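Attaching a single structure in structure tokens format; questions to follow.
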């Protein structure tokens, strides 16, 4: 089944074809489940003018934050940003554009992008700055906003395990936006901790079927923790 | 965790509260993964004037087909019907109304109903009889139809295993419409082949989280096969 | 000679590429799976929620919970995945399936297709056909070129209610391989032994006949 | 005396019911989990994709892949489920969460809430707050009754950009428990030792004071 073998040998190959001014959808929530090595490869490549769609923008020196260092990001589409000083500076200096999108709407926009739904209605954001310039419509006596789908030139995704056909499972809450981004990229690249034999993943428990995935690359991960909270042991 | 114990002792309890003229969403595709005992309980109860939303309407004498015998169904919302003679007769006699809905639109309408999306756009059905009376809108130069969400007074669902909290997994292609119906019922009832200990299902592999489920009932199933196709063994 | 059902399936199979995800409709399209070239793999998507459909089971392995969109008992291949109907149609509607093959009653020069409803006959429903034709980039319609009465099924305007609008670009009939472009059928290949004249006669919609119309080959 | 943060959490916890699925925001709402009555169970939903959030892990069990919406490392309880952000907000937007508790800058008599944006200050974003207030039937807002400058946060019209419109019915401040009905705050309970006069003085929006306003009790 050579035609279904999605595994590439290097990160360079994984991000081949990335060009300036492209739109990239990235999985992850905070620093959890972020495609950290694919982000590093984008930094190495030096592509500029990028639009990045991701719930957050990393921190100074890690995650998407490192793409700010060489001003590679032109625009962020996110629900929550600014955990990093560099982000704040570039935003205030007008070097970075931000489109704030409610978290649930952002998730649904990516899902819609992958699912051939060009737009959907939601009550989220009605009467708020998010509603500016958007169509509204009443259903059953309540007002809803029309929100359009998002797709990307690339989707960069962090999985736990994948097989060569690109079937992916995620680990714990590192799932988050990853399966949604995976559906909505023209080229979807998944980096994983482990590549397993085809047939090893239970068909009923695959989170992202291989049909959405173009490339799989094996990586090692730092997995930085943003807020380390522990229960002291007695 | 008594408050989360969804298990009921009988099918009578499982369908308590069902009244005439209610809307019922049913999982299943053909005869695969249908809530066969919950359907039988609806027949036993004798509720009339029902609107049933289900991809198909069973066959003569099995599945939703048995609700035709006493004319309990007023209206079917389905993508494909008429595998049963009784269905055809009642339709031609004007005793039964049918709203044909493309299969993917039907699935998405149920998902939307559960997800608080009152309506979405799809290219499916543009320029066909399905588009009659529906709003259309252009996105990126293509025409799309506005389709509204579906919710039900009851959702009747067939699972494989559930725990007492109502977390459900489905078996093979018996999944189909079941997880979608499960999200969109005011009262969601799941019948299963096995009730397992809480904690036994892997949190990352639960198909329907318990938050969607109101009642769980244990049953035994005939699982009739509609088209038995086999590869002869040598 | 007009093509047999098997030859039609064989011709469609020539359009497959290694690594294609394919949805095959009921009838002739289903037979395409039997003609996948040996040096090639495709994965079959079944819209009830299965990617990686395998052969029919044996009597020993038959399972009521494992069926395809035609409601036949099937198996899975290695690397298959199983999911909900919403996920299945997200794949289809989202354009992730590489090739869709399905039957039809009529096709016209605008790329319209009618395949589900004959007025005044019992209407069973469109099933997943409307989603499939709206979602796919790459669709092949398989049907006989004309009805038993000799009425052409390749029309200037479909006479039956549509399944989809402007979505068909490739048609294989028992007589010819045609593509739809700029409001016309282009005759690309003819069945072995079938004359251009017969195809012209049996095609009601505008037909463009290039200077050279090769015969189909079956290797 | 105005309520402490712990007392506020304790008062909110009195609104819990056995079997509730609850989403708790950052700050005081998070503390509510510490006051769930012994005879009762609730399941905590965290909008990054977790239903059944447990306590913080130990140093031995800490896992970067297991966090909550506040980005804190957590554990799961038995019977938890983990899913995508789209599924998580399907639950929230679809009204499946029984109670949502969150903080705010301002609330007004129309049930509007402002909680995410102060113009001319750096805007970090709304995160999931807009989805939470739009989706939930049952929301409790927790905040101080007035700012440190003494400016009321219970207004006739929110002055800051909204998080949600007409969605708030219950507010707990450090001074009072109030409900919003027909364009007014209804004073339901006052913090122990706090006078009705003080609450009236610190409430800018229309306030209805019933004849009897009991003190809160903490058992």
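A, B, C and D are the chain letters, set down in written order, and residue numbers restart from 1 in every chain.
Going forward, a contact is a pair of C-beta atoms (placed from the backbone, for glycine too) under 8 Å apart; a residue touches a chain by one contact, two chains touch by 3 or more.
All figures in this text were calculated on a predicted structure; none of them were measured in a lab.
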Pair with more cross-chain C-beta pairs in contact, given A-C and A-D: A-D
Intercentroid distance (Cα basis), chain D paired with chain B, Å: 35
Chain B and chain C: spacing of chain centres that average the CA atoms, whole Å: 29
In chain C, residues with contacts to at least two other chains: 82-83, 89, 92-93, 134-135
Multi-chain contact sites of chain B, meaning residues that touch two or more partners: 108, 111, 115-117, 122-123, 171-172, 175, 203-204, 207
Touch-based graph of the chains, sorted into line, ring, star, complete or other: other
Inter-chain touch pairs (all): A-B, A-C, A-D, B-C, B-D
Touching residues (chain side chain B, partner chain C) in the complex: 29-33, 55, 78-83, 88, 91-92, 100, 102-108, 110-111, 122-130, 160, 171-180, 207, 223-233
Chain D residues touching chain A - in the complex, by the definition given at the top: 46-50, 55-60, 62-74, 82-86, 88-89, 92-93, 112, 117, 122-131, 134-135, 161-166
Contacting residues of chain B [partner chain A, same complex]: 108, 112, 115-123, 137, 139-140, 142, 144, 148, 169-172, 175, 202-205, 207
Chain D partner contacts - residues on chain B that touch it in the complex: 1-4, 111, 113-117, 163-165, 167, 183, 198-199, 203-204, 206, 209-212
Residues on chain D engaged by chain B in the complex (per definition of touch): 17-21, 40-43, 45, 51-52, 76, 78-83, 87, 89-97, 134-135
